[in-house]
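Two complexes come next, and they have one chain in common, chain A, joined by chain B in the first and chain C in the second.
What follows is the complex of A and B.
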């Protein structure tokens, strides 16, 4: 048989369609309609499930394997395999997993992730009566809902506020924490000099430029999106004030965009080259390992980010949320594992390892938790944890690009007006595709 | 005996078809067998090209006309993705970065590769060691290369580059976190990594340059520079064209280096096309748009290959 050009084209076309069909077919396999049964008895569970988590890295992995998974596997006979991925690769991991038809049964994500993945039908709905029975504070449940239904539960909170070196403040005659953003800017300027930057707001030790902006946005009374998530709000006046505040501080040298902590090296705050810094509760294990002197009582002071509009101070709420994949073939076991992860005893063990704050204070108190000054401060101020990312089903489309837009402004490559317009355009485009 | 028949045009008689002589039959049979062997030998490469290159290109073109978010089935959207690309400033900024990396990095690395190849083509002591040292970055996994350069560029005083700068009294520089320095820092890595293969190709090409031409030039009193520009460079034109085209293509395929070194930042100052496509597909879930971007990238590469052929003046023999 001779191979003519037409035959060749037909064959390659057919091959392409077959490959395309296979590629697109993964979407058709999902069945989000199967409801989640949260009360299946242990004896009725079997098989295996996969857990996708960005937490429990390094030495913490042993805690996950030995103290979290092993008791569950022993009790139920369900085998749990763990797929670990960096936070900044988690989104891609989920999307490539879906494209390849291999998605974990239990997925741990962050604040702001629930609505987008729920809207796309990736997360299974969690029964409201189960969640309401846990007695969690409303402030930690806001990010778990989409369209009035629950699709995730907080497993650990990473709360952010300002840390300071008391002796550096005393040296400059500052004897009390600032009570407004103006005062904070003033104090940061006074603390700057002699190789010390007043406020480390952008080095990445406590998040990204995007998160720093969002934190300030809330401090100036703004939000990222409207209540229904269908209109951007971050480009409005509070957003302008937030960007301008950072730029003004950079003008005086009080915030230095270029100071960065090298990978695996202590942050500028740990090295005392920053007098004040955004810190997160998750920093504690790092401090214990690298700069234990900071963990002694009185070594570091903390205060909430003051308001820019004469209102309550705010705390940034990041964290790890746990969801069940709607594609899971073993939803009963996945739901049982989620319940297990939220058991106060397990939460306490996980919290001691990761340094993150459990979503409920009802955990057994241990020496490790009691001595964690950042966690204690975070728990004491939980009602102020109102600054959160997300709030729209379009957020995952916005998230990555927002970093670049904020950085473009902070590096002088775009004006505040251009930046706000870019933010609005980005959000409008993403929302229009919902 | 042979029969004849009149031809249509002339009315003259033409020799009638006769059974081929045994010798001709044998020759045809050999030719048919050769064709079969040729097709058989070419089949693996042809199949590979059709399945792994041809089919994905067709799929990409088809998907580029759809709105597809991985989760839901693709929906035909006409030219919407292409219209989006033309208003996507970040995509064109990424193209610009590729162009800058190519415009700065490729000429420098080609020049250095040619210099090294010319030097190491001579009987120098230890030239084998030098050849291996220069070629080593090419065969090292890009991920490993990126990790090494992350350490070299480390913003603290423990980074090699800043240690060296510190010796001459310069404060540590944020090579990868300052938008004004980041792209230049990335270009330096691409140059360092790219010299080895280019040098190897030039070395092979230099082996083919006839020594008698240099001897004739020596007799004419030509100096080293004259010989280099009048003999070596023209004789290496096919190799130069090959290196230029492959470098351009691989430059526009750069992904892993950016993914590990900078993730396109800061302030999108190092975003390149492939990284932007990756972001669009796997961070923003806009697979249809990402495919349209890939089609544009394919067109850019075809145009660049054509242009470089014209600029370097490649011949059919290249």
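What follows is the complex of A and C.
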């Protein structure tokens, strides 16, 4: 048969339709309404599963392979392959996987990611009775729910609070940590001077401007979204108070916007040019490597961010959450592996490797955990870890742009009112596209 | 009358000429010195990040925390390199990057040159439209096409357990096909080749046709040898793009056996901390092959860009 222009075009068209049809058909297997069966016996498990993780990089990978996966594979006979992805590209990896209908059976994501992916039907529902049996504090479960159901569980936390240099506070006669945001602002002002800024809140060493704002928002009694995630709340009064508190502190010099920790540079707190600072439990490995003197007992003091409304102090909660893909062809094995990863022994081993805080204090104490002063402080205060990002299925669309909006306020390019209006507009737009 | 008042050219002329020559030479020397000084400063500025990377790769991590950081490292910490190499299977990653980069270079030279030649020298009605489409493709960012390309790779019929309709399996995902094929022809390389071929004499082609040489023969034996700098330029650029490719290999591979060196380097960065001394050591190692290649081929490379008219 000779190949004419018409037959070539017809063949191309048919091919395009076939590929398009195949592509559209890939998502049809999703059934997120079917809850997982967590109690399948080991003997009934078989096959293989894939784990998508942004953690356990570098040296920690050996711990994942040898101490986490190997015992599970030996016990159940299930083969676990690991797909390791940089945190910065995790969203792209999941998104392309979803588009192509190929996604790992067990997926590790961050705080605030659960609702968007649960809403799209990507995560399978986790039985509530299993979660209740774990005895986790309610504070670490807030981010695991969507529409009243559980779709993820915390595997490791990155907690944030305030760190201080005790000698700098003593020098100014401050002998106890502030108990309100007013006291914190006053102490920060008193500590400012002689080349030292009172409070490093914005340098980025423990998160972005967006996260600093969200932390304060909760301290003033606010939340980012309504309970159902379908209306923004961050533009309301607590949001106003949070922005204004930062601006007032910048006016007195207690917070200096211009000090930014460039990548690779030690933070102002590490340089002791900041008396107090937002610190993250994830800062500990950096301190150990670059400024080991900060890791000595008594070198650094810590306290929770005080409340601005006569309530409990708050701790910011970031971290790694674990979910099961609704597309998984081996959900039983995936659920068993999730359960295995949340075993206290395994959590302890993972925590010792990654330096992240286990979601429960009920784990075997190790030297790594005992000697990590930030981790022990975080574990002791888990019930206060209520300041979290997210809460709406629209959050993945909001998070990147929110940083810029907060920055425009802090740099004086927008008033507080304009900023709050911009936040509302951003959230409303994203929610309307759900 | 100008002739009446014209200066005599006898007697004073040689000394005036000498003075003028001397002045011109001095001006030229000054201008050369200024240009040289500017180029030295510009070179130092351009090379500074690389020098800083190389110096940081042998620093102690505590020295990286010092403010101000000493310009010259106090103690040379060469173990940063062995430590960095021990953090991930870098030998496998480097091998994979080498295969990917070499394949990208070879395939782009073969396919993009053929396409560029056709656009530059073959007369067909759609040539301007196809060329315009190629130029438009250069402007489309990779992020805009990543999902459609991923879908094509994933639904490749009869591969990875897929049916004829491209469903049921994983297609090319986590295979060398997915790593290599989508980068086999780049619109920019086609554009570059077209520019090289446009500058070659069409008379040679016409003469060869009269002598009965086939079109393929004209392309391979007569015209393409004339654009050797172009071939090297495209090969080097494609190799560099393949070597530095990060996002695509990350998206289409899942196993360590197919991961590339840029993905390995990312392992030094964690969510809240970065091992800068190891990251710098790893990055320095990853940069070496490209630097060596450019040092060897820089003459052809510059010549290639100059002759393509895009310098």
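The rule is simple: the second predicted complex is superposed on the first by the 395 of 434 C-alpha atoms of A that agree within 3 Å, B and C clash if a C-alpha of one lies under 4 Å from a C-alpha of the other, contacts with A are read in each partner's own complex, and residues count from 1 in each chain.
In this section, a contact is a pair of C-beta atoms (placed from the backbone, for glycine too) under 8 Å apart; a residue touches a chain by one contact, two chains touch by 3 or more.
None of the values given here were measured: they were computed from a predicted structure.
Visitor: Return first, second, both or neither, reflecting whether A:286 touches chain B, chain C, both chains, or no partner chain.
Guide: The second partner, chain C, only.
Visitor: Could you say whether A:92 touches chain B, chain C, both of them, or neither, answering first, second, both or neither?
Guide: In the superposed model, A:92 contacts both chain B and chain C.
Visitor: Looking at the overlay, what does A:411 touch: chain B (first), chain C (second), both, or neither?
Guide: Touch partner of A:411: chain B, not chain C.
Visitor: In the overlaid three-chain picture, which partner chain does A:55 touch, first (chain B) or second (chain C), both, or neither?
Guide: second
Visitor: Report for A:270: first if it touches chain B alone, second if chain C alone, otherwise both or neither.
Guide: After superposition on chain A, A:270 lies in contact with chain C alone.
Visitor: Classify the contacts of A:158 with the two partner chains as first (chain B alone), second (chain C alone), both, or neither.
Guide: second
Visitor: Now for A:102: first (chain B), second (chain C), both, or neither, which partner does it touch?
Guide: second
Visitor: Using the superposition on A, tell me which residues of chain A are in contact with chain B and, in the other complex, with chain C.
Guide: Comparing the two interfaces on chain A, one with chain B and one with chain C, the shared residues are 19, 23, 26, 92, 95-96, 99, 263, 265.
Visitor: Which positions of chain C touch chain A when the two form their complex?
Guide: Interface residues on the chain C side: 56, 61-62, 64-65, 67, 87-88, 146-147, 150-152, 154-155, 157, 165-167, 170, 173, 247, 250-251, 254-256, 263, 266-276.
Visitor: Show which residues of chain A lie in contact with chain C when the two form their complex.
Guide: 18-19, 21-23, 25-26, 50, 54-55, 57-59, 61, 81-87, 89, 92-93, 95-96, 99-102, 104, 158, 206, 263-266, 270-271, 280-283, 285-286, 289-292, 318, 354-355
Visitor: Which stretch or stretches of chain A touch chain B in the complex?
Guide: 3, 8, 11-13, 15-17, 19-20, 23-24, 26-28, 30, 88, 91-92, 95-96, 98-99, 120-122, 258-263, 265, 396-397, 399-401, 403-404, 407-408, 410-411, 413, 430, 433
Visitor: In the complex of these two chains, what residues of chain B are touching chain A?
Guide: 39, 50-51, 54-56, 58-59, 62-63, 67-74, 90, 150, 154-156, 158-159, 174, 177-179, 263-268, 271, 278-279, 281-287
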